[in-house]
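Note that subunit A is present in both complexes that follow, paired respectively with subunit B and with subunit C.
Then we have the complex of A and B:
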C-alpha cells in the first residue's frame, strides 16, 4: 500500500458504511475450497457481528480480482479491501469495532490467537487440500478446475498446486506427515478450548473477530465433506468449540436467513 | 539421567556474541540450555559435519531430528519440557504468542538477512562463505537466499516492490513487538522466573538485530524503543550464555584488510602512475617520437 492509498483510505474511512457493499468470493457450491471457504465465512461472520449489510457476489475468478490475490474481498464505495484483517481495519476506521471494551493486553492476546489459527488451521487445510493425494485427486482438482475449460483446468490446477506447495515448504509444513498435521490441529484446538474455558465467547463482553475466525474455520471443517474426515473428527472432540460454532451460526446466520 | 548417550546438536556457528548466527539454531541451543539437556554442540563448519542435513539437527541414539519443532517434540518425550510448569491456560496463551512471534518476526529476520541487498551482500553472504567449507558455502548461501525469496513471494504474492514488502513486514513486526512488550511488562520472563518456549523464540528473533552489525539495521532502532525486551535479551545472555566471545570470528580479517586497503591505496596510485608514465615514455621512445636529442 503506497502512501497515497493510505491517505485516501483514511479520508474515505470517515464516510459511513455504504449500502451497496459487495462481498466477492468464489462460487460456494461448486468451486470454493476448504481454506478459502473458511476465510470467506469468517469475514461474513465478522460483518454480521458488526451488523453491516453486504451483498454476496460469487465470481469464478474472485481470487484473481482480489488486490492481495486472496479471497474474500469487499468493494465499499471507492475502496476494495481484501482479507479479514484488512476488512477489520477498514471497519474499525469507520468507528465500528467489536473490541472497544478490550485493553491493549487483551487485544494482543486476541491477535496472538488469530495468528495461531492462521498458522495452524489454515496451513492444515491447505495441506489436506493440496498435498494429500487422495483429497487432491478426488476433490481439489474437480472443484478448483470446475470454472475452466479443458485443458486449462489441468494447467491451472498444476500451477496452483505448485504455488501452494512452495508456500507450505517455506513455512515448514510440506515435510510434515499427515499424522503431524493432525497432531498440530489437535494442539491448536486444545489450546483454543482451554482459552474459551466454557464461556459464551472468547471475551466476556461479546463476540470479536477472533470468534468470527474460529467460527469460519471450524464450521467449514465440520461441514465440508472430504474423503478424509479425520480433521472434522478431531474438531468433534472439543464440545465447547462446537457449541461456540453452533451458537454463532444460530445467532448470526440462521436469524438472517429467516428475515 | 539414565540415558548415557549424549545428545549431539549440530548448529551453524555463532558469532557477534550470538550462540549461533541462524535463528532456528539459536532456538535449539537455548531450548536445550534452559532445559538442561546434556548436549554436545557441534558447529557446522568442517567437512566432518557438513554432510549432515541442514542445521539445526539433534542426534540422539541414532535418531535424527531435523528442525526446531521436531527437536522440541522429541525432547518433550524424554522429559525435557520447558513449558511443563505452566497452567493449562498459560500454556495455551504461550502457544498462541509463540505463533504470533513466529509469524510476524520471522519475515523481518529473513528479509534483513537475505533480501535487503546491502545486508545480504556485505555481511551474510561473506559470513557464510567464510564459515562453511567449499562447496557447501556456495550451496547454503544460495539455498538461504532462494528460501527467503520464496518466503516473501508466498507471503505477498501480489507485491513485487521490495520496499513495499519491507514496509508491510516491518509494520507487522512493530505491532508484534509492542504486543510482546505490553505482555512482558516489568516481569523478568513472560511466565514466572524461568524462560519458556515463548522467551526462547523471542530471543532467537530479536537478539540478531541487537548484535549483528548489519550495514542497514532499522530494526535495531525499532527494538530499542522497548527497553524491557532489550533487557530480556541481556538477562538471557548473562544467565545462559555468559561466556560468549565478543567481536567477530569470521569478519575480523576483512576489517583489517579494509583498513590496509585504505593505507596502501596512495602507494598503489603512485606505483601505477610511475609505471604508466614509464610505459608511455618507453613506447614513445621506441617508436621514435622521442629522440635522444629531445631528451638532451
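Then we have the complex of A and C:
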C-alpha cells in the first residue's frame, strides 16, 4: 500500500459509515470460482458481524474494477477498498472493531491463523480450480469464461490459468500432487480445530475477522458442487468446524434473509 | 520536369517564364528557340526499364502501358511523368529517373521516341529509426520492412513505436498491391498498442487484427473496407480515478466492419491554399464480440485563397453513435471526446462535455467547426526561405459534445445550437516537414459550460489533422 493510499484511508476514516455502501463481487450463480467466492463470503460475514449495512452489486468485471485486481471490494462514498484485510482496516479506522478485547498476543495469534488460511486453504482452492485438469475442464473454464464472448473466453481462460500457475509456482504449490494438497488442507483444519477447542468462536468474547474468514472458505468448500468432492469430505471430518460454520450462517445470514 | 508541370496547367505565360529562367544557365542566350511542344508530333517506339532484377514484368507493364498511346511530345512528357508516379507508388524502387531520346535502329519511325526508366530497386531488407509526430506527442519508431518480396510490390513490415506520452505500438503488416483499374491494395496486420489517457484517467492495452482492402472508385476517391477484431483491456490510471471510469475496467472484444471514404483535392497537406478534403467513416461493431454500435463520422475541410498567401479555411467534423442492442456494450474507449489543441482550442484535452471527478467520460455524439485565417507573418521576415514555414493564424472554434438524441419533429438546427461552446484566438502555425503542423495559440474560451475544463491562454498543439 502506498503512502497516498494510507493517507486516503486515514482521511476516509473520519467519516461515518455511509448508508449506500456497495459491495462488488462477480456473479454468484454463473461466474464466481471457489477461491473468489470464499473471499467474498468472508468479507460479507465480517461486515454482517460488524452490523454494517451494504448492498451487493454483482458485476462481471468486478475483478478488473478492483484496485488490487482481486474481489471483493467495496465503495464507501469516495473510497474504494478491496479485500478482507483492507476492508477490516478501513472499518477499524471508523472506530468499529471486533478485536477490541484482544490483547496484542491474541491479535498476532489471530493474524497468524488468517495468514494460514490464505496460504493453505486459498492455495488449495486455486490448485483445485486451475491445476486439477478435471475441475478446470468441467467447471473453471465454463464459469470463468462465461462473461466473455467467443473467442475471448478461451484466451482469457488460458491467460488466467497461466497467471495462477505462475503464482502457485512461486509459492511452491504447483509441483504438489493432489494427495499433498489434501494433506495440507487436513493439517490446516486440524490446527484450526485445535485452536477452536470447542468454543463458540475462536476467541471467547465473540466473532472476529478470523471467524469470518474461516466461515467464508469452509462454507464455500462445503456447498460448492465440484467433480471432486474430496475437499468437502476432508472438511466434514472436523465437526466442531462444521458447527462454527453452521452457527455463523444461522446467526448472520439466515437472520438477514428472514428480515 | 519543371516545364512539364507548368504546361500541365496550360498556363503559357508561366511556362514561358520558366523556360527563360532555366535558360539563364545556358552559355549562349542567342541559340535558345522557344518551341510549342504541344504541337510536335511524337510516338513512343520503345520503352526501356533499366535496373530490374526481382520485380516482375507484368506489374511494370501495367504502369507504363499508357505511355504508348501518347500522340505528341507534350503527351509523352505528361504520360512519362504519370508512369513514373505509378512506378513510385509500387514502393519497389529507391529512385527512378526518366530519359527521353529519339528512336534509332531499323524499326524506328520518323517521329519515334525511346523512353528509358532508370530504376534502382530497394534492398531485400530495409530498416530504420525515425521520429514522427502523433496526436500532440512525439514518437520514436523503429521499423524493418522487406519491400517487394515476391516481385509484385508485396511487403512485410514490422514497426515498433514509443511515444513521449507513454504510448507504445507494435505492428506487423503484410501489404499486397493488386493490378487493375481501381488500384486495390490488401493490407493485413496484427497490432498491439498501449495508450494512456490522463484526461479520462484510463489506460488501454489493445491487441488485434485488421484486414483492409483499399481501392479507388474514381481517380481520387479512395475507399477502405476494413474488418477489425480487437481485444481491449481497459484499466484505471490511478487509485483516484473516478468510479465512472473504474466501472468500465476490464476486457472487451470488438469486432467491427468499417468503411472509410476519402477524397482529397487539396494542393498540399499542411498549409493548403485551395481545395477540399472529405472523409466519411462508418463503423458497425457487433459482428461477434461483446461491443456493439453504429458510428458515423465526418470530416470536411475547405480552403479558399482570398488574396495571394492569405488563406481562409473552414473545417467541420462530427460524429454520431447509436447502440444496436442492449446485450452489447459501448465502452468508454468508443466514446467521442472533444477539446484540446487539435480540436476545440481553448479547452483542455477532452475538456468539453461530461466529466466525473475531473475525468472526461465522453458522449455518443459531437460536432465541431472551425474557421481559420492563415496569413504570412507580419512584415514577412525570412520571405522565400525559412519564413515561409510560418503562418499567422486566427481562429474561431465552435462545437458541442453530448448524448444528443435526434427525435422526429425536432429541429436539428436547434439541437446543434443548444449548449454550444465557442472559443477564439490567434497564434503562429509552423509546418514541420511535410507531415505535421505545430501551433502555438493564445486562446480565449468564449462560451463554455460550467463542467468544462477550459484552457485560456497559451496552448501548444502538434499533429496531423486539426479542426
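We take it that the second predicted complex is superposed on the first by the 255 of 259 C-alpha atoms of A that agree within 3 Å, B and C clash if a C-alpha of one lies under 4 Å from a C-alpha of the other, contacts with A are read in each partner's own complex, and residues count from 1 in each chain.
Throughout what follows, a contact is a pair of C-beta atoms (placed from the backbone, for glycine too) under 8 Å apart; a residue touches a chain by one contact, two chains touch by 3 or more.
Predicted, not measured: the structure shown is a model, and the values here were computed from it.
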item	value
Joint occupancy of subunit A by subunit B and subunit C, clash or fit	fit
Superposed arrangement, angle subtended at the Cα centre of subunit A by subunit B and subunit C, nearest 10 degrees	80
Partner chain in contact with A:170 - subunit B first, subunit C second, else both or neither	first
Partner chain in contact with A:61 - subunit B first, subunit C second, else both or neither	second
Subunit B versus subunit C as contact partner of A:111, first or second or both or neither	first
Contacts of A:80 with subunit B and subunit C, given as first, second, both or neither	second
Partner chain in contact with A:149 - subunit B first, subunit C second, else both or neither	second
Most subunit A residues touched (candidates subunit B, subunit C)	B
Smallest separation in angstrom, by C-alpha atoms, between subunit B and subunit C in the superposition	10
Residues of subunit A that lie at the interface with subunit B and also at the interface with subunit C	67
Contact footprint of subunit C on subunit A as seen in their complex	4-5, 8, 59-61, 63-65, 67, 75, 80, 148-150, 152, 155-156
In the complex, subunit A residues that touch subunit B	1-2, 67-70, 104-105, 107-109, 111-113, 115-116, 118-120, 163, 166-167, 169-172, 187-188, 190-192, 194-195, 197
Contact set on subunit C toward subunit A in their complex	231, 233-236, 239-240, 243, 246-247, 249-251, 253, 288-290
Parts of subunit B lying in touch with subunit A, wherever the complex brings them together	67, 69, 88-89, 91-93, 95-97, 99-100, 102-104, 147, 150-151, 153-154, 156-158, 164, 167-168, 175, 178-180, 182-183
